[in-house]
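What follows is a pair of complexes built around chain A, which joins chain B in one and chain C in the other.
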Partner chain A sequence: MAPAAPRSGEAIFSSVDRVNAELFTLTYGAIVRQLLNDLEEVEEVNKQLDQMGYNIGIRLIDEFLAKSNVSRCVDFKETADMIAKVGFKMFLGVTASVTKWDADGSCCSIVLEENPLVDFVELPDTCQGLYYCNILSGVIRGALEMVAMKTEVTWIRDMLRGDDAYELQVKLLSQLPEEYPYKDDE
Partner chain B sequence: MQFFGGSEISPSPPVPTATANNAHMMYIFNRNGVCLLYREWNRPLHTLNAQQDHKLMFGLLFSLKSLTAKMDPINAEKGNLGIPQLPGQGCSFHSFRTNTYKLSFMETPSGIKFILITNPRTGDLRETLKYIYNLYVEYVAKNALYTPGTLIRCELFNTALDQYVRSIA
Partner chain C sequence: MIGAGKIKQYSNILEKPLSKGKQEVSLSAFAFLFSELVQYNQTQVDNISELERRLEDAGYAVGARVLELLCHRDKGNRRETRLLGILSFVHSTVWKVLFGKVADSLEKGTEHEDEYMISEKDLLVNKFISVPKDMGTFNCGAFVAGIVRGVLDGAGFPAVVTAHFVPMEGLQRPRTTILIKFAEEVLQREARLG
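After this line comes the complex of A and B, so read on.
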């Protein structure tokens, strides 16, 4: 039998090489700052961060799968748990919790108590519309798309905007079946 | 932090199970049936051109997977023949053996398929394919110059793969 899927990313987090947390935080800050300079519009920056996250997500999923030995999640509930308990721990060193399930199990919230991306950050008045951590929603969307789940990820709460936690709403739109990619008559 | 070309990959490679020089070739497909990599070590006979060959291989796996899931006597969730399966639906085979070769197959939940064709006497290669997946992550997925969904043209990956496959052979 394959080894059981891990219930937390602790072991993996401690076994992989890591970068210094401050270096990571400051590098991310520098990226956002540069985007604000280049794109000027806060909305555009949000979009760009989401796109960058997506591009990260579609690659990161393979690292996640290869290192975590996760095989398959039976349903979206397990998937969300896996992201919160294993994924966030493995890549960011924090644990998130999953709450607010809707009735049919296709929509939930991932709540982050702590978020290493935002140390030292304050949003100035000119950037109030900025979702500073929008890269995270992109990562989740990209990674889930690679395991055939179309999702929509939006920020519900953001501490930088005065809320008491970080909350991401993940909504499952559809699951794509695997299709035979060739035409029969070729 | 590991950059590609980095020294070691965790976990360490599984202990070889095989004897004699026996790896014939390897395919890697993505979800859309694109052959990302074809590597050949020992293949005396070519009957089709490369493109047809890849297509045939992909078709074989696709059909066999849906057939094996349909025959499953244990799991009720088997889908219908000819109707595309959702990822994770149904069981999957991991190898088959003929009198002249053995085909080992692994599909990741992200839809990447690893196929290794070896001598029929080879033992269980599931751990081996998992390790090759780790190589793929280190050398391909983390390679900023690689565009997902395109052919893998990465010298380091090829070298590491060749070396590893030689060590199991």
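After this line comes the complex of A and C, so read on.
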């Protein structure tokens, strides 16, 4: 049987259960506020948000693969496209674009046109070092690690910090060799 | 610079038009996020009641903002001032916005005058949660209880709000009941207003 064709982000998003984005936004805000209270240091909050994202990413990849019918991507370019076009759409209902490829195709930027995490948000003077959306970079890093790609994900532009867009740089560090714990003919 | 094809930046957040609240994200995105909230808070506490208190605090922050948002957007900057009014606001308007449906039921407690209950067969936050045996009566609905308390408190109806599992005959999963116990002053004021 031929593998099922990959589904578009829109098609998946419209077929899954959804919740009001404001509940999501405000809940995320509550999490960030709790972390700021508990950890006090903005740097620590950035780390914890990244860790939470990572935890989500390593679980979320299963759902992504199961619902999208995406099979192996031929290269990192296709992977980045999948994240931007299918991943962001199916979970957050927003689209993202991929730009700024480097020469050897191992580093690019994902630019978010909308970002449901930041509605109602303004960074006070005391939190200027905060990467408010750091959970997203963790999600991407975690998800890619589960498909054998070690990446480094950093924020390049952040509108909460006065930039004109949300831009994440995704850099492929290494591709882990696949290990087969079983024999093919068994 | 409207129409410049670029998102306006660094403007005061209050100048931005308020969204209509029709945007959605996938349920799994919320479930993942909520599970991280619970797991993180588990690392910060020694016992179940402390964990529930922290989830309630997180919910309270959401509730306070939901009240402000909904009063402004849906009610022309007016808010309910009577007990039944605010209860039905929570049960209908708030529930509908946050969970996409009106709550299953709103009842008055039979034993105490100051108690009201909002029940939900399948509360959104409990959908993917199964509580381990050793965690006893822990209920993630504490987060929703916090939201309710935040809304009520902000509207001038201080109350103690808790979440409980109530087993239902014929249903596999217990329903969640949010128990609201109003402060004495609220009932006194209500009595004065007649």
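Convention: the second predicted complex is superposed on the first by the 171 of 186 C-alpha atoms of A that agree within 3 Å, B and C clash if a C-alpha of one lies under 4 Å from a C-alpha of the other, contacts with A are read in each partner's own complex, and residues count from 1 in each chain.
The rule we apply is simple: contacts are C-beta pairs under 8 Å (C-beta built on N, C-alpha and C of every residue); 3 or more make two chains touch, one makes a residue touch a chain.
Being a predicted model, the structure only gives us computed values, none of them experimental.
Asker: For A:Val16, using the defined touch cut-off, is the partner it touches chain B, chain C, both, or neither? Pick first, second, both or neither.
Answerer: Touch status of A:Val16: both partners.
Asker: Is A:Gln48 touching anything from chain B or chain C once the two structures are fitted on A? First, second, both or neither.
Answerer: After superposition on chain A, A:Gln48 lies in contact with chain C alone.
Asker: Going by the contact rule set out at the top, does A:Met90 touch chain B (first), chain C (second), both, or neither?
Answerer: second
Asker: Could you figure out whether chain B or chain C reaches more residues of chain A?
Answerer: Counting residues of chain A touched by each partner, the higher count goes to C.
Asker: Which partner does A:Glu63 reach: the first (chain B), the second (chain C), both, or neither?
Answerer: both
Asker: Kindly classify A:Val147 by the partners it touches after superposition: chain B alone (first), chain C alone (second), both, or neither?
Answerer: The answer is first: A:Val147 touches chain B but not chain C.
Asker: Answer with first, second, both or neither: which of chain B and chain C does A:Pro124 touch in the superposed model?
Answerer: It touches nothing on chain B or chain C.
Asker: By the touch definition above, which chain A residues appear in both interfaces, chain B in one complex and chain C in the other?
Answerer: Shared contact residues on chain A (touching chain B in one complex, chain C in the other): 16-19, 59-60, 63.
Asker: Going by the contact rule at the top, pick out the chain A residues touching chain C in the complex.
Answerer: It comes out as residues 13, 16-24, 26-31, 33-35, 38, 48, 52, 55-56, 59-60, 63, 90-93, 116, 119-122, 135, 159, 162-165.
Asker: Going by the contact rule at the top, pick out the chain A residues touching chain B in the complex.
Answerer: Residue positions touching the partner: 15-19, 58-63, 65-67, 70-74, 146-148, 175-182, 186.
Asker: Under the stated contact criterion, what part of chain C meets chain A in this complex?
Answerer: 6-7, 9-10, 13, 19, 21, 23-30, 32-34, 36-37, 39-41, 44, 54, 57-59, 61-62, 65-66, 69, 97-100, 124
Asker: In the complex, go through chain B and note every residue touching chain A.
Answerer: These residues of chain B touch chain A: 1-2, 10, 31-33, 55, 58-59, 62, 83-88, 108-112, 130, 133-134, 136-137, 141-142, 148.
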